[in-house]
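Next up, some structures in structure tokens.
Both complexes below contain chain A, partnered by chain B and then by chain C.
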Partner chain A sequence: MEALPQTLLFGILRSGLYALTALGLAISLGVIGIVNFAHGEFVMLGAYLGFWLYLTLSGPLGLGPEVSPLVLAVGIPLSALVLFIVGRGVFRFTLRPLLARPELDQMLLTFGMAILIQNSVVIALSPQALDANLGWRFELIEMPGGVVSVTYARVAAFVLSMALVAGTYLLLARTRIGKQMRAVAQNRLGAMVVGIHVDRVYEVAFGLSLALAAGAGVMLIFSTQVSPFIGLATILKAFSIVVLAGLGNLFGVVWASLLLGVAEQVISQYVPNGAALRDGLFFLIIFVVLLVRPGGLGRSR
Partner chain B sequence: MRRTFATTLIIAGLVAAACGGTAQPSPTTAATQATATTAPTAAPKPIKLGALIPLTGPLAATGQDMKEGYELAKEQINAAGGVKGAQIEVIYEDDKGDPATAVASWEKLVNNEKVEVMMGGLSSTISLALVEPAKKAAVPMAWTGAAATAFEQGMQGQDFFFHYHPWEYQNGDSAYAFLKSVAITKWAVIHEDGAFGTGAAKGFKEDFPKQAPGATVVITEAFKTGSTDFTALLNRVKSSGAEGVIIVPNTGDVIPLLTQMREVGLKPKITYASPPSFPANFGGSPVAEGVAGLTLWTEDIPAPATKTFVADFQKKYNKKPVSYWAPLAYTNLVTVVEALKKSGPGNKAAWIKAMEETSYASPLGPTLKFSKSQFVAHQGFTSLVTFQWQSGKQEIVFPKDLATKPIK
Partner chain C sequence: MRRALAGWAAFLVVAALVPLAIGGDRYLMLLANVMLMFMALALSWDVVARTGQLSLAHGAFFGLGAYTVALGHRYAALHPLLGLLLAAVVGTAVAAGLGVVTLRLRGIYFAIATLAFAEVLRTVAFQLPDITGGPVGISMPPLFDGDRLLSYYVAGAIFVVALALSLGVRYTRAHYAVTAVRTNETVAAAMGVPVVRTKVLTFAASALVATLAGAFYMPFITHTDPQDAFEVSRSVAALVFPIFGGIYTTIGPVIGTIVLRSFEEYLRVTPPWKEGYQVVYGAVIVLAVLFMPRGLLGLTQRVRAWRS
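Coming up: the complex of A and B.
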């Protein structure tokens, strides 16, 4: 049991990025009511933007591997802005015309979008995976007591993800557009009656959802290789978190991520060969939750 | 109106995707045209040799490396007068890393181009698909790659078949020989849970202790390739008391695994990694230091032929070979042509006999000779060398007679 504090710490740190990715997905599901299968591909696009920035800063500008804080400070807002604009465009020209159609049509659209984006990146760039030689990927922070040490990247990803999640919650709670989003989510017709421009709210919500995905993508280059195929792994976990939190329950995402992050770590640590089995955990959770409480654990029936 | 626009966008995207897929330049025509314009008209008919390698698709990087090796050898051979005055021509076909394409390309080279010898070969999966067409055509075959024992079994009894790369079990033997030389008895095996990792891990668990009495594998851990977090399993390895760690990851797992080993404070005396290939610029990352692995070749092998090859390669391409596949392809073409010089074109039996007499001081280090292996009669290289990343470079540390640096 001496590894327990470390197990919990890694589990908690890991849940930050999970929450950020899942929150974007939950917004498109909760506010607009569409299942965005392409969400993971937008995370991938964010990662490529981050990687491009890393290359530019460390290469031509000659800043070397010390650019880590700069990549985060510039990369996250930059890629979030780019994908916010892209998201609004994508919504306006592809999703909006399909909103009145059966849900299956919308799912087919986002599914096709995922395939299109992934293969466009393969063709335009390369299928080869890339590694960012960022200093923060490797530098260790010694934790008090000296029992465990973690990379700067791991801590930064958790802190920034949680800050972005908190920022999004504030936006939803305090701002006019945030309140409109919640109103639309609760009752589309009612929102229309009181004069909310529903389509515009949807468009902003979709842009916001992609902006969060982009931020998560930039942080991903600090922990894994960048390739056109990283979207799938990302979205599978995000989906199970959204299901666990209750479809469309925006505020349940954080604790669902924490629960899953820690559970994953505990299973890998204490179950023999758990590291190979832990991905199965996600699917077991989806299965059980949908069977027992289809509304999600966070909602009373 | 908007709906129409969206549909148009999507169709445009699909069309763009389709065009992108087919707009690849055809390497065959390019090669044919180049030789056609340079070959003098009065000289004897050029000798056609086929090279079946992946020039696009997931294995393209290695395939391109091979092509550069072939082109360098071809240039030198033709400049030195070719085969009794006849220029040689290498016709490349792209297998795209896909077995079905490879079979079609094979038929094209053998039946339409009527090549003298079939060269190339990289992936085991593709070579396995070629066993039947190869037996049917019975055209002389000088095959560089494919390490799978199943392929060797498939080509059993085919006297026209010559194979260069060591077989799977010879890779294993080279690895065990090195691991045995390290004074460590408690090992941990960490592997990805696909066919590649599971297969290699099985060898380390079962065969290695047999060959190295006293050595035990105290813990075996599997992980899903592409996971970003390995800390829990590394913690288990740490508490197992293993002194040496053997990892069988895919390329993308290498850096996360090594980084997280440091995070959990797992500091084995030796880390031995056998990914299909190390990540690009791996030497530049701080986690590379001290990691050992297996390769057929590095540019620092202390053999005169290696030095000459690297210098010639650099002169022609203004860069260093990316992997051992460039000198392997070079060796492939040079030895095939040396045998052709003795046998003359169109004489299969004489060519086989000439190949059997091959003794070539290759740029890969050892002198290439063909001898019997488990199933086939003509196996070229039989062992690999162990290197260790030291100050960003691959230094050979085993076997001792080829070592460029002692192990750290």
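Coming up: the complex of A and C.
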């Protein structure tokens, strides 16, 4: 049995990517008010972009498996930019026309989009999972005293995720467009009245949400295999975090992610045969929160 | 109403005679069985949609039905036909529980919870090998020793239950309650419609049918595993058929199933679609929601209106 510090550390490190993924989902939910069932598929697209970059850099350019820092430094901004543009396009041509229609139609659209994207990748590429042999993936960081041991990849993913989450919060708190997003999230009509171009804010918010998903996707290739089917598990955990934080509560996402990450790690470490419980934890969270405190654990909004 | 009922009676007579036309072809009989099963599933999803709710758990109830029958057979030597009854009870009870918790809230919560529910059932079946057989799955002897004519009439009986539910919600007072809830919950409540109760009852009744379809599938196919029983693609099928044919109707899901399920049969054996055939379903959902919200039925109505 491993020591508690190790378990807690792994749990915390795990929560970084959770927070990044869930924040994107929370933005499209909180600002625009739509459930993006395709969010996990956009994470998957980000992962494939990262994987493609890794192949390009390590193969034809002959940099070998030591390209990890470069994949992160180039891959995250690149795939974020690509998906930001894609997101704006998707919003303008498919979601915006549906905003006045029933909620059912909007949810059906994003769900259909998820199926469409997933299976397009299956057909265009392959249903097989891909494995990136990145340098940092299994290299352990030398720790004085040797109480805990972690890989470079986990630490890098956590630090970068948190930096992106913090950057997004800064954007929401300080910039003009960020303040507009929060205003629209609070009161759509009021935002219109004071002259905010609501449709444009929606479009940027959706692009931002997908950009965050793309960044998370790139980092995913450092910890797991990439396959067209990773979207579902990704989005279910993100949903449980968003529900735990309270729908539309953008700032509660970090704490909720931390809770889920650490809980998962503790369960798989200390509960005998805890795999079923760990993998079903997201549902337990959703169900219990909806039963006890539908507004989420934090203050709502 | 009378015309509609007469039409469906005629449909049932034709459906009952289909095996005569097929003769002894085992593949076509398999397809006919599966077709009725999916029609029931599609009809049951549509009934929930009439309350404005998106259920992504219909594939899960299907799998729940399959596992209930298989487990009943394994541990209590339960006859498959009695298993159907047990599955119906289990499915309805589980749906009522899930519904009571999630249907008081905004529709978003329900949709999310149903998706999560589907995945958690798969996980449980997967991670409890001592009870469910785990990833290896579970088997049972075939229904009526594999007689596909007799099983066709069992599937037909389940289809009749689905039909009765769909028509029942259309031609009784339930229609007004359901439509009011879908259009505007606040107004519906103000008019005296018990909003939550309407949604929960509809969902439970619908889950009953979906579970029955899965309970039929299990002894028909004789083996299943968590991946197969709780496949997301079945939840997709349950919703894409009604959307393509025409949502909020009885004839729409039936037509949608016949057209799309036949097409799927072709795609499944044709490269490059084979493994990714569902790309078509994704595209159908997106395009239908954007450009033909009432499906094929809406399209024919528009053509008729344009002609006259």
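Going forward, the second predicted complex is superposed on the first by the 296 of 301 C-alpha atoms of A that agree within 3 Å, B and C clash if a C-alpha of one lies under 4 Å from a C-alpha of the other, contacts with A are read in each partner's own complex, and residues count from 1 in each chain.
Going forward, contacts are C-beta pairs under 8 Å (C-beta built on N, C-alpha and C of every residue); 3 or more make two chains touch, one makes a residue touch a chain.
Here the structure is a predicted model, which means the values were calculated and not measured.
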Chain B versus chain C as contact partner of A:286, first or second or both or neither: second
A:247 touches, of chain B and chain C: first, second, both or neither? second
Touching partner for A:239 - first (chain B), second (chain C), both, neither: second
Which superposed partner A:96 touches (first chain B, second chain C, both, neither): first
Partner chain in contact with A:7 - chain B first, chain C second, else both or neither: first
Residues of chain A that lie at the interface with chain B and also at the interface with chain C: 94, 97, 112, 116, 119-120, 123, 127, 233, 273, 275-276, 279
Residue ranges of chain C in contact with chain A within the complex: 49, 52-54, 56, 101-102, 104-109, 111-113, 115-117, 119-120, 123-124, 126-128, 182, 232, 236, 239-240, 243, 272-273, 275-279, 281-286, 289-290, 293
Of chain A, residues touching chain C in the complex: 29, 35, 37, 94, 97-98, 101-105, 107-109, 111-120, 122-123, 127, 232-233, 236, 239-240, 243, 247, 273, 275-276, 279-280, 282-283, 286-287, 290-291, 294
Touching residues on chain B, where the partner in the complex is chain A: 2-3, 5-6, 9-10, 13-14, 16-17, 20-21, 58, 61, 193, 221-224, 226-233, 235-236, 239, 251-252, 255-256, 259, 262-265, 279-282, 284-287
Residue ranges of chain A in contact with chain B within the complex: 3, 6-7, 10, 14, 92-94, 96-97, 112, 116, 119-120, 123-124, 127-131, 133, 137-138, 140, 148-151, 154, 220, 223-225, 227, 230, 233, 264-265, 267-269, 273-276, 278-279
